[in-house]
């Protein structure tokens, strides 16, 4: 199991070819293109200067839209995951 | 539904061709050009170093002017939205 | 009406051709040239890390000198305004 | 009257040709060259994150040495002033 | 023994040729490639502005994935170690 | 007299040709070369966000080594001084 | 004697030709190469925004590994020292 550190989040990216259930289609404009995926694991959050842990806003299992060029790819048990910081996540799809 | 994270805001941009009700016309000078749209959803706000959530200043339904080159386009249920940070919003049009 | 957010301020720039009442003439040296205008609307101020709103130092109606290349032009009801941050305002002309 | 904002200061620069009373002569080395002038007006100081105003260290009437390339020139009532931040002032000449 | 300072961590990198037990294989896409290794020693943590030591989140003996281009190589007693900051560690492999 | 502001310090640089009493000779490697001088005047220190003045660590009369390319030259009463920030001072020579 | 300021540390670098007792050999890869030396003197530490002195983590006499390109060379009493910031020290060799 991958346990991300601090404000990092492990995402299982949704295949681009697969039509998403929520109907999100990636635009093809010149703007930065976000990508969709499911949260697999979340870090415990950063520790503030006051020594307190600040919990993350996303939870395991949520579907999220994240900045396409963010994060680091990791292959684990045959699957490809993406490790991003919470700040790279734009929105939760409910 | 798109639920933006932290200080992010989901905007439905106003079509450029459509004459705006408030009479705002985008200038054609060399200056950065703002754009107009309606707030569709707002994040819960950032968490400060003191562990307190700082609520956002804009509300769902408000008409706002935002920096044209800000944010990330997201297509959802056939519509195109823009996810921006609150700091990219210049003013609310009342 | 334009309601600027946070530490932003809406300015109605003074026409350059118009001789200003206070006698300010823009210099033509190599230095950055400021511009003069009237404050039309001010934001509520930024929220500090302690969660407190820090009110702005300029008020509606004041005549101010601001950095020439600052801000974003917005046309509204046929007039051209400039939305700047308070930090781009150099001085109030009394 | 020019009332500078925050940590800004209005300076009346000393003419370079004029021999200064204190005997300061600008060096002609490759180093950044400071300039001398009199403080005409000072801002109220910045507001800290704790919401407290931090008063400036220089006072109206003092003779100061400031970084030559700092600030913005403003002409007012026929005179040329310089608006700088307090951090651009190197020393007070007593 | 190497005792890292502050938020630094000493890692013994896993040989690339060696097939990892957890099955992690480094991807060959254009993205930044992480690397795997074992934590050999951890620093005492940074001291916050409040004067309190903030302990690190990783422990000696843990297997971690870290950013490939992070840190400084050190040879010690014939082995090659990597000294990285905790922020360069993406996740703990459990 | 020159009274430096905040964390600034006025130094009277030691002539390079003069053999220093403490035996310090400037190295001629590719590294940044420090220079030696005597502290002539020190500022009152910066004001912290808590509104408290943080006194400087160097005192008038001390011999210091400082970064060679730091600061601003000022000629005053026929002598050449250097105004630097305390952070540009590497060490006190006792 | 050299008394470093704030978070600075005076190091006597170990000659590269000399075989180190602890067996550290500098690697010849493309990575940044650290260097080894002994701590000769440490500063009193930085003063935090709360006005408290934060003591350094290294002590006089300790053997340390530091970033090779960090710091400033100083010759004193015929020896060459290096003045670095504590953050440039990677680890203490015990």
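We call the chains A, B, C, D, E, F and G, going by the order they appear; numbering starts again at 1 in every chain.
We take it that a residue touches a chain if its C-beta (ideal position, glycine included) is under 8 Å from a C-beta of that chain, and two chains touch if they have at least 3 such contacts.
Predicted model, so just to flag it, every value in this text is computed and none were measured.
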Length of the line joining the C-alpha centres of chain B and chain E, rounded to whole Å: 40
For chain E paired with chain G, centre-to-centre distance based on mean C-alpha positions, whole Å: 22
CA centroid of chain D to CA centroid of chain E, Å: 50
Residues of chain C whose C-beta touches two or more other chains: 49-50
Touch-based graph of the chains, sorted into line, ring, star, complete or other: ring
Ring topology as an ordered chain list, initiated at chain F and continued via chain G: F, G, E, A, B, C, D
Touching residues (chain side chain C, partner chain D) in the complex: 22-27, 29, 31-34, 48-50, 52, 54, 57-58, 65, 67, 86-87, 89-94
Touching residues (chain side chain F, partner chain D) in the complex: 1-6, 8, 10, 41, 44, 47, 49-51, 71-78, 80, 83
